[in-house]
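Next, two complexes with subunit A in common: one pairs it with subunit B, the other with subunit C.
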Partner chain A sequence: MIAILVDGIVQGLQLSLMAVGITLIYGLGGVLNLAHGQFAVVGGIATALFVEAGVNPLAACALGILSAGVFGFVVDRTLLLPAYRSAGEERLLLGLLITLGLSFVVNGFLDYKYPNISLTLKLATPSFNVAGITVRTASVVAAAIAIVAFVLLFAFLKGTLLGKVIRSIIQNEVGAGLCGINPGRIRTLIVTLSAMMAGLGGVVQGLFSSLGTEMGNELTSFALIVAVVGGVRSINGTLAAGVLLGIVNAFASYFVGAYLTLIILLGTAVFTILLRPAGLFAYRT
Partner chain B sequence: MSALIGVEGIEVAYGDIAVVRGVSLEVREGEAVAVIGPNGAGKTTLFKTIAGMLKPRAGKILYQGARIDGLRHYEIVKRGVIYVPAERELFPQMTVLENLELGAYTNYKSRWERLKFVLGLFPRLAERRRQMAGTLSGGEQQMVAVGRGLMAKPRILLLDEPSTGLAPLFVSELYRQLSRLKGEGLTILLAEQQVPHALSFTERAYVLENGGIRLFGKSGDLLGDPEIQRSYLGMA
Partner chain C sequence: MNKDRYLADYVTLLLVAVVLALVPLGVGDSAHYLRIVTLMLITIAYAVAFNIIFGHTRQLFLCIGALAGSSAYLSVVLAIKTGLSPWATIPLGIVSAALLGGAFSYVSVRRGLGVIFVGIVTLVFSLIFHNLVLGLRELTNGETGIETKGLGAAVLQSGRGSYYVILAFLMACLVLYHLLMRSRAGTAFRAIADDEFAAELAGIDVTFYKVLAASIGSALLGAAGAIYAFYSGFISPTEYALVSVDIVVLVTLLLGGMGTLLGPVLGGVVFTVLDEIVRPLGRLNVLVYGVLMIVLVITFRQGLVAALRKIVKVRIP
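== the complex of A and B ==
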């Protein structure tokens, strides 16, 4: 039981790593990124390629995450420009189409070019015992990575000027402009940072089990559910929703199997949205 | 005195509908100027255009002799033209202190000195500094909005309807502090529906009706103008 709970929390944290990127890009750029799982896959597969090329695994992870960041940066500065030029609903729709198209392209490319590559990171000691319970080392490491990433993200958003600027744009883009803030530059930074966090999520997936080239869409859907349940403008909410849905996912997979799990997850999402339409920690005016 | 801001024959439209037609006005260094007029006369459109949030279809806007009508709004802020809209546009889930800090974004090195100045002006904000801006009363939010604008060390403050939705006590308090700022040499362009406040606070005023300037002159003279008294001051 406890093992399932721990697994759920770890998986939830990993989902949150990706969902928080969706939240940030939506909050800042008004684009709901349907290729976010592909950012994670690009990061993870790049890591696998670096490992295959003989790079030290830790350095390969760093390079893989960096690759995801570069990919995000390029996407922001090229493909997303037409979306940024329009506003409101038009931007949202254009952003959906562009990122959906991008997800197809990335899937197709990886499937064609690297059909047999996947990322599986193995640790020296696969498991250890704590008070009679066997714990997978990978779970602990994965959880630690995710928690450190979130602590850093929160410290950045709360404690630095740039972090405050980011929060200000999410809360009120007009107000940020009145302070002399240029949202375009900050947006590029956030897409890059979000892509790197997604890449980290991909690497964590490789650590936890295995990351294949075909997993982009699945990761996007899970992350999207988490982001919506958490409230697409709330970072605290995203973290909580990730852990909640991760636990639900772990128990559901254990007791009823994989097919019903997705239905139960979506059910949980619908139920949460019915209770709290704007997300778990929605701001009430 | 030279003009700090010169608006020359601007026309601003939403789609095909011109909201501001051929408006010219100027604000000189150290002056306080009012724009009065009924709801929908185009005051907010005029202010947003000067601030760079709307582009004029014709005419030009000069600031210190150089055109600014082609610049993005955040670039205009960098030059010291600060717009405080009636909607306030605060960051509701950030503290008063954070809201003020972001106001100093273009002037970050002197943020502490500015903060001391703003909190001295509005001591109530010092009491509320850890509170989320979204939880403040309307009057306090207006103080945050004006305070945030002052954090940038403006050369000119564009104040759009600062008294909207405020209790009379707050309006008087706000104008007392604005007078103090004016006394310190701050240039102010003010749009206001509370005409007596606006005219007694400023040196000159423009009357905007249906998107055009109908009348302008010394505020004191306008206060005594029978037509103004009838239309805006509720006198027979």
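== the complex of A and C ==
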């Protein structure tokens, strides 16, 4: 029972890593990134390629995450520019369609170029005992990585001037602009950062089980569900929703099977949108 | 002036009918190409339906395949389980798709969901549908799919005859579209597409017309999906997946031109030709669709019809 709980929490943390990116990009750029899972896959597969090339696994992970960041940067500076140039509904629509197209491009490319590559990272000691419960080392490491990433992110957002700037843009883009903030550059930074966190999520997935080229859409939909349930503008909400849904996912998979679980999760997302569009944990405004 | 406008519509409808009717002659005896052009008709029908929903009332339904598939699965499974003729179960599928689409639209208009949330809700519905079909093995046979041959819809099964039956269906869709657009509803749709808020202020019942557009569009999607099911002789979740239907229809519509009569037809024809050109690339075709979609969204949002209008200086409907 506790093993399931631990599994759920770890998976939830991993989902939050990606969902936070969706939240940040939507909050700052007004673009709902439907290619976010593909960012994770790019990071993970790049790591796998580096490992295959004989790079030390740790360095390979760092390089993989960096590749995801570079990919995010390039996408932001090229593909998303037309979306940023328009405003309101038009921007949302453009962003949605462009990233949807991008997700197909990445899927198609990886599926064609690297059909048989997947990322599976193995640790030296597969599991250990704590008070009579067998815990997978991978779970602990994955959880630790995710928690460290989140602590760093929160410290960055709450503690630094740049973080304050970012939060101000999320609250009110025009107001931030009037205070002399250039939203464009911050946006690029955030997209890059989100892509790197997604890449980290991809690496964690490889640590936890395995990451294949075809998993982009699956990861995107999970991250999207978490972001929606947590509130697409609330970072704390996203983290809470991730852990909550991770636990629900683990228990439901254990008791009612994988396919019903997915439908439960999807149903949760739909009802959240209909009942509390700002998310379960959002402040009332 | 008004008479003139309808004349252009009639001429276009007639031209489309004649040209598409001649296509099988050009294809000759090749069963392979006959199948491809028949599938083109189905894609065009999807695009006509989606045009009503997205092109005219700006409701981004990312569940084209799921709506078509729900109708298809409902009619096929009912026909198998109850022994009813497909001609009785297809209308049930159509009605269910229309109700589903109408419900999505009603809920999202009532809750004031923006384009993004409509997109998410319908995308999530697509995923739910996909997983339901995979999960309800006893009914749908999961990934393996169901044979639809010999269920009593012989007219729809492969061959030159079925091409003309499906063409008749497509022409019915286009005529319905034409009638819809020249009616009061068409005026309302144009007003909503221009500025929803202003339309509401002018006394247009935005909720009603959006739901109407979504229901009619979904009904047509359902009809096309069910017809495809009986035509192809086999259905599986892949045939109605996001990759196989939604992206193709989006590209077709963007390519041809949203909110036009000829757009979906033109887009469908050009897309089919392009698809044939990239076929040798095998699995890379998904990549090509993606690139095409991005390029169209960024640089060519008005579509072929608008470009043609500029070149030939004739008002094309």
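As a working rule, the second predicted complex is superposed on the first by the 277 of 285 C-alpha atoms of A that agree within 3 Å, B and C clash if a C-alpha of one lies under 4 Å from a C-alpha of the other, contacts with A are read in each partner's own complex, and residues count from 1 in each chain.
Convention: contacts are C-beta pairs under 8 Å (C-beta built on N, C-alpha and C of every residue); 3 or more make two chains touch, one makes a residue touch a chain.
The model shown is predicted, which means the values in this text are computed figures rather than measured ones.
With both structures placed on the common chain, the touch criterion links A:F271 to neither subunit B nor subunit C. When both complexes are overlaid on chain A, the residue A:L32 reaches subunit C alone and has no touch with subunit B.
In the superposed pair of complexes, A:L224 makes contact with subunit C only, with no contact to subunit B. In the superposition on chain A, A:P82 contacts subunit C only, with no contact to subunit B.
Touched residues of subunit A were counted for both subunit B and subunit C, and C has more of them.
In the overlay built on the shared chain, the residue A:L100 is in contact with subunit C alone; subunit B does not reach it. Of the two partner chains placed around the shared chain by superposition, subunit C is the only one that A:L260 touches, whereas subunit B remains out of contact.
Touch criterion met: A:L92 reaches subunit C, while subunit B stays clear of it. Using the contact criterion defined above for the overlaid structures, shared-chain residue A:G108 touches subunit C, although it does not reach subunit B. The contact surfaces that subunit B and subunit C form on subunit A in the two complexes do not overlap at any residue. Residues 161, 164-165, 167-168, 171-172, 174-182, 283, 285 of subunit A touch subunit B in their complex.
Across the complex, subunit B meets subunit A through its residues 51, 53, 72-74, 77-78, 82-85, 89-94, 98, 101-103, 105-106, 108, 134, 148-149, 152.
Contact residues of subunit A toward subunit C in the complex are 32, 34, 79, 82, 89, 92-94, 96-98, 100-109, 111-112, 115, 217, 221, 224-225, 228, 259-260, 262-263, 266-267, 269-270, 273-274, 277.
Contact residues of subunit C toward subunit A in the complex are 58, 60, 62, 107, 111, 113-117, 119-121, 123-125, 127-128, 131-132, 134-135, 242-243, 247, 250, 282-294, 297-298.
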